[in-house]
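Beneath this line is the structure, given in structure tokens, with notes to follow.
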Amino acid sequence: MDQVKVGMIGYKFMGKAHSHAYKDLPMFFPESPKPVMQAICGRDPSGVEQAAAQFGWESIETDWRKLIQRDDIDLIDINAPSNAHKEIAVEAARAGKHLFCEKPLALTLSDAREMLDAAEASGVKHMVGFNYRFAPAVQLAKKLVADGRLGKLYHFRASFLQDFIVDPNFPLVWRLQKDIAGSGSHGDLGAHLIDLARFLVGEFHEVIGMSETFIKERPLAGEMSGLSASGSSEGPKGEVTVDDATLFLARFDNGVLGSFEASRFAPGHRCTNSFEINGSKGSVKFDFERMNELQVYFTDDAEDVQGFRRVLATDPSHAYMDAWWPPGHTIGFEHTFIHETLELLHAIRDNRQPVPNFRDGVQCQEVLEAVDKSIAERRWVKISEM
Amino acid sequence: MDQVKVGMIGYKFMGKAHSHAYKDLPMFFPESPKPVMQAICGRDPSGVEQAAAQFGWESIETDWRKLIQRDDIDLIDINAPSNAHKEIAVEAARAGKHLFCEKPLALTLSDAREMLDAAEASGVKHMVGFNYRFAPAVQLAKKLVADGRLGKLYHFRASFLQDFIVDPNFPLVWRLQKDIAGSGSHGDLGAHLIDLARFLVGEFHEVIGMSETFIKERPLAGEMSGLSASGSSEGPKGEVTVDDATLFLARFDNGVLGSFEASRFAPGHRCTNSFEINGSKGSVKFDFERMNELQVYFTDDAEDVQGFRRVLATDPSHAYMDAWWPPGHTIGFEHTFIHETLELLHAIRDNRQPVPNFRDGVQCQEVLEAVDKSIAERRWVKISEM
Amino acid sequence: MDQVKVGMIGYKFMGKAHSHAYKDLPMFFPESPKPVMQAICGRDPSGVEQAAAQFGWESIETDWRKLIQRDDIDLIDINAPSNAHKEIAVEAARAGKHLFCEKPLALTLSDAREMLDAAEASGVKHMVGFNYRFAPAVQLAKKLVADGRLGKLYHFRASFLQDFIVDPNFPLVWRLQKDIAGSGSHGDLGAHLIDLARFLVGEFHEVIGMSETFIKERPLAGEMSGLSASGSSEGPKGEVTVDDATLFLARFDNGVLGSFEASRFAPGHRCTNSFEINGSKGSVKFDFERMNELQVYFTDDAEDVQGFRRVLATDPSHAYMDAWWPPGHTIGFEHTFIHETLELLHAIRDNRQPVPNFRDGVQCQEVLEAVDKSIAERRWVKISEM
Amino acid sequence: MDQVKVGMIGYKFMGKAHSHAYKDLPMFFPESPKPVMQAICGRDPSGVEQAAAQFGWESIETDWRKLIQRDDIDLIDINAPSNAHKEIAVEAARAGKHLFCEKPLALTLSDAREMLDAAEASGVKHMVGFNYRFAPAVQLAKKLVADGRLGKLYHFRASFLQDFIVDPNFPLVWRLQKDIAGSGSHGDLGAHLIDLARFLVGEFHEVIGMSETFIKERPLAGEMSGLSASGSSEGPKGEVTVDDATLFLARFDNGVLGSFEASRFAPGHRCTNSFEINGSKGSVKFDFERMNELQVYFTDDAEDVQGFRRVLATDPSHAYMDAWWPPGHTIGFEHTFIHETLELLHAIRDNRQPVPNFRDGVQCQEVLEAVDKSIAERRWVKISEM
């Protein structure tokens, strides 16, 4: 197998990031199977045509059902709004297509499980888009944990902070509507934290959470991408039906204590996806706004020179970096998608499941819903209850 | 009133910090009533004599009951181990002495309330030693909040992380024994976070927590100061009866969401007492390891130059700093005690209660015990239940 | 004009970066004329064939003279080793091709001037590859200076520090040989600093420098890319004929005082291209290892909240960033080339010279050689002498 | 010898810092000989009386000649304005008093040498007040260099940046008048950098500098402390006769390349006394605004976790810190004077010269004047010429 023919559904923020990954990957990872940008699909013909031209797709479709029936497609890339994920994925799996679905896998746990079942039943490869795993600095954190260089783990604390909706006149975009987005900061940002925790620390045992919608009504908005828009204090308003912020505590199966916070009400934080791990032999700290860096501390450093090291994860010894530029030449957000896609293509070539896959998507959803349940019932909820 | 005659009980870590404050204060704040270092008290005659000589106290006592009866004492400074606070404070109040008690005020809420009642009944001034309030950078945070420059508050997240007991052979010092210390990281470190939250944000409404003792047995230790000691993996061990780490979520009366974590198991953190506040108009961040700095963000900065400002709180416009050195010349940990003492002396002179006082000590204890209760009962606990 | 047909000479580090820029630009800047990757040229047929396939070029050439004669080429992109720049550029200009030449423009000032003369004589567009100008954070610095927001400028201090040759057994690659590379850290790294200074501050008036080659002999090396290689302490050695570090002081025409340092002997600095500007109304600081950030200080901030702001230059208000990702999602090294290429394409479309162009290349070379002269003659040298 | 009786001349900024050191030292370093605050001297009787009362001196003098003749004085501490240093020091040496003189030792090299000669002739101990050596983080840098842990040194770059006179209406205080201050940023700030360089790297071989007075006239001022004052654009002005900024390059005897910059025109820098050292095995970075920290890098760290470590120099393994607070509890500017005084007292007790002493003061002055000469003559000047 030297190429994988892709059909992609969606062409906004994530559609652009995925398209870019397909386009750039062969240049930097020439040994990988090559992704062929076969067809892009969206409901609006002019929109999808423009996207196809701009992003470099060979053909277009306006009906995803047609797309998934095309013989010249190996892989269906789903980055349409979250409420459409399930139906597409299930049908595409039945059509025997490999699946690459953006997170959150689905709006509900039961939907997510249905997607996993369908994928497993058809035997296709399935991946879920937790791209932050693929930052080289995060990969370094994983390596240090996996190799025991942090010792026995004690703490994981993580927060994903943004500030793009602090203005009360920021309009009621789809991301603020539960029926489309599923949830607010919790599912959008918290899901990434949960996945990173599972990747780096292990499985969740129980959780208890707290949630708030600070601004309960906002100006109605026309169609927009969801991350930027201008609103007005005049005119009709609608109800915000998702959380502005969700926090929770967690206990992991291995005894680690976890603290999680997702908020879109943290002025000064454009995209602070951050975590810290403390173990018996050391600690690591990461902040996505400085995504090329990992702060690393070891307890066995000589006693007069102990301190967090600012490791710039751009050396050949760091994951993926020998494919890029010389040490010290940093990479950006979009590169995480290229590395993610590389994992998917390698998995298809090697006939194994990529990681993270739909099972990871389901397990993330279990934690998300356990937190929701803990909030609704004001009590600790075990993941095993879900 | 131009002087206050002090009798101090205790002469270890806090005794040294307080003594230094009494010694230095008149030099930098000459307008303040002058603290007279009248007598220092401890059970061990040779220890207290040495401390008196080294720290500059005029006389010594080995029986605190004698000390509080002396006519030449106006103020009793209590920094003996926490389990001795209540009895001393109650007796000293009855003897008509002003009170300055280190935190935690007492081992239990009921004890703390008894102390407050005694102080109020006798009409003396009473202060509790939450010294971190008195860092100029923290005072700046308070000023920004109080003046509305951060707008309506949304989030308070705080963690107090240390690493001095990560080694399993660190011995079973008194700080790790519940009958002497009351609690572990929660009462020692978490208490400071709770006080800072009350100072900066407002009153707690409800909490839910989680706690862990990672190392359950440790080598027995001889007498030591509690913050450093050498242990051995050989020889007898004893049970650790306090928490190594305690985390909790909180909702404040004004709707702010709070996240708190206290741990002594965070390698690389020698003394990271840190908090962040997010409000509708801005944010602030503080970390005690860089105690002269406050990170400040405003949403109304010009849009192309928005970012957290690193404010070095050493300018004449910052609290207390015109008494010290020129801008850029930083101060240290011990200065917080000098400023704290200044507040106490001013309050005595002005015939008002200092802030924070025993009422703050009680209210902090209410939150501490509400967290304990929430952990024991695995449910949200309202402060009004306490 | 809706497209520009490119023929590129060179396919190593810079060739890859330029190829990537041509490939990505249309996706993110669809309004720009489209660069067509017509032909790539190199002496080694198998090498250039592989590069063409990997990078996405339509055809190959092994003789640059043929390439510049092709009718289907509008623009010649020169990123071959520096000692080949002049001949190619002069010939290509005579052939009527637009020119895009990597820095340094040439090995000597006279060569650089000859290139400029040839380009001007033929009336083609000409650009020199000082890519760091095109980081959004650097553009922000430029905007703040140009708009007078830093007031009258007093200081410019800059250093470009790397550490890739600190090991004495790092081999004698072409970058360490004067006949190929022209100079060492001075021309490679210092040239970027000089260009940034000219971009941000203005023209140089006089300079005085100091230079050193710390490791005077190194193991001979086979062919390699110049930035990474493995050497051995055994075997034959050759003389290092370029500088390991060059420092100089400068006075600008407008009275600004400048300090410059370029070194490859600064352990811990993978690629610290950093500068600071101080003016009467404020300051800015930049470090390429955190290329998305600009530290900004204003003297007229409220007196209690003055401090350097960490501006993450990823907002729509920052140059180029509305073409990329939402705020807080950073970009990397390679993006500077895309923005640089955008300037070139816009200039060709608008029939104006791009900036920076060969004149900037010449002026940079004047400063480089003035520094060399100041070192050789141990005296201040005016740029007007050159 | 268990005590040293001090007579101090001067009672402004430095007088306060020194007084505080004498007061605090016995409390934290009880094994040291105890400084006895015998007499303080100044010309203005009411000013010196107030200082004596506030700082805790036993007696006062208004004529320094009387002071140095007193039998009950062992040590003369000179922190009067710089233009008075020489006469006092020479006379005090003749009177057999030990000497502790603030930097700069004198206004000219010849005066400094005369002071050294007088001190050596009389056989007294003599110290010069380069207090920054005594920050624990700087001591750590020294230790790393001395123990060879940075390998062979290549680079030393240092800048001391302040911003207190950026406002053109800041008045013409004594620090801006050559006849009193000797020089401006060069002697005030640059002198510290030169001393740190000598302490950490070794002796200077040759230098070349550049200097500027950006604001050439300022409002006349009344008497003030020299570091803060309010001026007015109305009213008479006087000429600024010292440098606002001085930069220089240096070559050390051991081949290290040095870069130095002192400026009072760097907005945002309240007191950035910073340096970096690069050696074959590692690097260190220091910034006085974060004086408790040293950034440390080692080339032999494991290749995937190389990075500058932020060492908080507050552990027992760091110089002086076991006398202070537990790890993570930082100290401030004033502590450098306590450690400096400790060195002086130990030297007197041990009958050896303290370090730094008048010889260091002279050698610093040689470099300062070599830089001045290099500026005047626009050429490299060897220290051996001085």
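In this document, chain identifiers A, B, C and D correspond to the written order of the chains, with residue numbering beginning at 1 in each.
Everything below uses one rule, namely that a contact is a pair of C-beta atoms (placed from the backbone, for glycine too) under 8 Å apart; a residue touches a chain by one contact, two chains touch by 3 or more.
Because the structure is predicted, anything quoted here is derived from the model rather than measured.
> If every chain is reduced to the average of its C-alpha atoms, which one ends up farthest from subunit B?
C
> If you average the Cα atoms of subunit B and of subunit D to get two centres, how far apart are those centres in Å?
Going by mean C-alpha positions, subunit B sits 35 Å from subunit D.
> Could you grab the centroid distance between subunit A and subunit D? Build each centroid from C-alpha atoms only and quote it in angstrom.
For subunit A versus subunit D, the centre distance works out to 54 Å.
> Rounded to the nearest whole Å, what is the centre-to-centre distance of subunit C and subunit D, using the mean of the C-alpha atoms as each centre?
Roughly 41 Å, centre to centre.
> If a residue has to touch 2 or more other chains to count, which residues of subunit C qualify?
Residue numbers touching two or more other chains: 269, 298, 306-308, 312, 315.
> Name the shape of the chain contact graph, picking from line, ring, star, complete and other.
Contact map by chain: complete.
> Along subunit A, where are the residues that touch subunit C in the complex?
Touching subunit C from subunit A are residues 13, 16-17, 19-20, 23-24, 26-27, 30, 53-56, 162, 164, 227-228, 269-272, 288-292, 312, 314-316, 324-335.
> For the complex, give me every residue of subunit A touching subunit B.
So the residues of subunit A in touch with subunit B come to 154-155, 157, 159, 161, 163, 166-167, 208-210, 212, 214, 245, 247-249, 251, 255, 257, 259, 261, 263, 265-269, 276, 278-283, 297-299, 306-308, 378-380.
> In their complex, what parts of subunit A are in touch with subunit D?
140, 143-144, 296, 298, 301, 303-312, 315, 317-318
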